[in-house]
Amino acid sequence: MQRKALERAWDDILRDPLPGRLAKPRSDHGLTMLIDTGLGVQETADLVRLAGAYIDFIKLGFGTSKLYPTDVLQEKIALLHSAGIDVYPGGTFLEAAVLQDKWREFLLRCQQLGLRTVEVSDGTIQLSAELRREIITTARELGFNVITEVGKKENDSHLPVSTQLQMIATDLEAGAYKVIIEGRESGKGVGLFDGNGQILRDEFDELVKSVGNPKQLIWEAPLRSQQEELIHLFGPNVNFGNIKPHDIISLEALRCGLRSDTLRYTL
Amino acid sequence: MQRKALERAWDDILRDPLPGRLAKPRSDHGLTMLIDTGLGVQETADLVRLAGAYIDFIKLGFGTSKLYPTDVLQEKIALLHSAGIDVYPGGTFLEAAVLQDKWREFLLRCQQLGLRTVEVSDGTIQLSAELRREIITTARELGFNVITEVGKKENDSHLPVSTQLQMIATDLEAGAYKVIIEGRESGKGVGLFDGNGQILRDEFDELVKSVGNPKQLIWEAPLRSQQEELIHLFGPNVNFGNIKPHDIISLEALRCGLRSDTLRYTL
Amino acid sequence: MQRKALERAWDDILRDPLPGRLAKPRSDHGLTMLIDTGLGVQETADLVRLAGAYIDFIKLGFGTSKLYPTDVLQEKIALLHSAGIDVYPGGTFLEAAVLQDKWREFLLRCQQLGLRTVEVSDGTIQLSAELRREIITTARELGFNVITEVGKKENDSHLPVSTQLQMIATDLEAGAYKVIIEGRESGKGVGLFDGNGQILRDEFDELVKSVGNPKQLIWEAPLRSQQEELIHLFGPNVNFGNIKPHDIISLEALRCGLRSDTLRYTL
């Protein structure tokens, strides 16, 4: 589909302070994934009209998509696809299906619903490397775009960086499109964030140094301070996940230097 | 009214990880009360279409219903009633009416507006046991479903557990349907929660041990950690209050084991 | 335009507990400025229908208005103006224009878009007193209502109270309508608020004591505790800024004594 360029009222007189922000379609980097824990259909349509140009993926958080009335779910999927936004169920939902030994049925139902992306994770369950690879491969064969996630949702089962690196490499080799680094909805006391949401710099640096191409990663970074720090490190097109619906425009402003925290880079 | 069962797209292949969650109508337990501090009519309709099956009561927080344009208030009431959701003004509003010696007029206006439930509380004002009983009894005689609340909104006037137990017993005896345990909107530094939102376990255990039937209580528990802990203690059908609109689906996911925090119970 | 009085369902039987709250139009004090970091058009219409009587200004936060599709921006402006609400771009956006030496073009575009108010600030950039005055004067000559802001968005460049007082006096003399005291969206670790959002009372008292007329100020006070404290000090018609959309009705309830925190003043 040919999409007409986004017309914005100020672009002919003012450039974005931070240059280089990519427009859609963004297949490689510059991605923003929103976490949706219960947007109604009209609310979604309203958000998309305002900010659809800044949303690449909408994740229906954890198992919430199981709770939708079928018609509401179908309408949201159709609405988002027609706006050039991919939508997919949260990884925890697939984990629940694995526990019931129904992950193939899960994938087939995703296919029936017209979904094009799935997330494979083991934030809660134990998942052997073999089964993880099998799920990724099967999903790829069914035509899905596969995003995987690395990290545990409970801090007491924190993964060593070497394990995370191994999983990232294996997932990409098995056909994953991107790998998400776990940050949950809170961004605190999980993954690479301490209890105050500060980045654990030693582990973070070790991870980034060893990852071949940081564009392969999506950072779950719900807090503004985290977003600012990652833009500072990686530039305006770093991939973000778990952005809250009402933070979409604020994040885009951060990416473009249209907010104090990043406008100051240009001084 | 005969309500058709909620059709959900995954239910034929996957069960909810935590079993036993009750469907509507839930008259005895499994109740979710949402706190509404300013949803527009369209926003309400949108939320109800998505998640109406998971909302039993909507409380128009504190005195906000006095601030509504009359037609907006009437539309919201009609919309919610037709969706099988009960709506009622916050307890603080009735307290303001008591201060003006207009609580009877307050109840009659609620009746004129078609409201079916009222809340009786003394979170801010002093209310004698006699007047509290008289208000409950009068409201019952007028045909209202009466929910009462126990607890003070200021932490420095914290009620001893023995007093709370006495009030719960007296309210139920006077005809209250359920008794809410105060948690405010914040869930911090109030009632049975400390300044970080942690449950004060000694007092909590004392209260729970002595209450005959915990189904008679509704816990105001706005924080995810509080919701998770109460589901852990009482199961998926514990009654919750002061749930924020955008947390309705997340809470239902917690109840059903469709989120990490409770999916892990099944491991 | 003659606006009919707001009809509210309880006003004939109950008065607002805190008396004296002003109705619209409020040109001098009692102002509420909402910060909008991404409301859709329908969401805005829905909010205005519910709470338009309690909103005087909507600020499109920082540079977010540059990110709007042109038609969405135009619709929001028209919608808000017809509801008697003034809308203006955040000060950071004008600061970005100053950095590109395009602030005159910025003002002209505001004029083309039908905007009637602009904000002049230097929360991020350095702005000489001369240029600040020139921008204010030019905007006034173009017919704009000018709101200025005093304070830095980074706490390590905290302004002494004497400097703030000087700027307030100069801005008002140059034709500013009101002066905003910086509080950002968070209300923490910025301006007159410490890292926990508590008011720095020594500096605050010094500022208030020396300002001739506190009605000339608008306080950015996003936290309930801050709102409550300022109402306690200045009464129900203190001017507030950076109120979040879903806090509009809650703030009005605070102003009117319809919430515990201020109802208790009347005991």
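Chains: A, B and C, in written order; residue numbering restarts at 1 for each.
In the analysis below, a residue touches a chain if its C-beta (ideal position, glycine included) is under 8 Å from a C-beta of that chain, and two chains touch if they have at least 3 such contacts.
The model shown is predicted, which means the values in this text are computed figures rather than measured ones.
As for how the two copies subunit A and subunit B face one another, under half of their interface residue numbers coincide. To fit its Cα atoms onto subunit C, subunit A must turn through 120 degrees, a value rounded to the nearest 5.
Averaging Cα coordinates per chain places subunit A and subunit B 34 Å apart.
Annotation for subunit B: residues 42-43 touch two or more other chains. Of all the residues in subunit C, the ones that touch subunit B in their complex are 6-11, 13-17, 42-43, 45-47, 49-51, 53-54, 246-250, 252-253, 256-261, 263-264, 266-267. The part of subunit B that touches subunit C in the complex is made up of residues 37-43, 61-74, 92-93, 95-97, 99-100, 102, 105-106, 109, 113, 123-126, 153-154.
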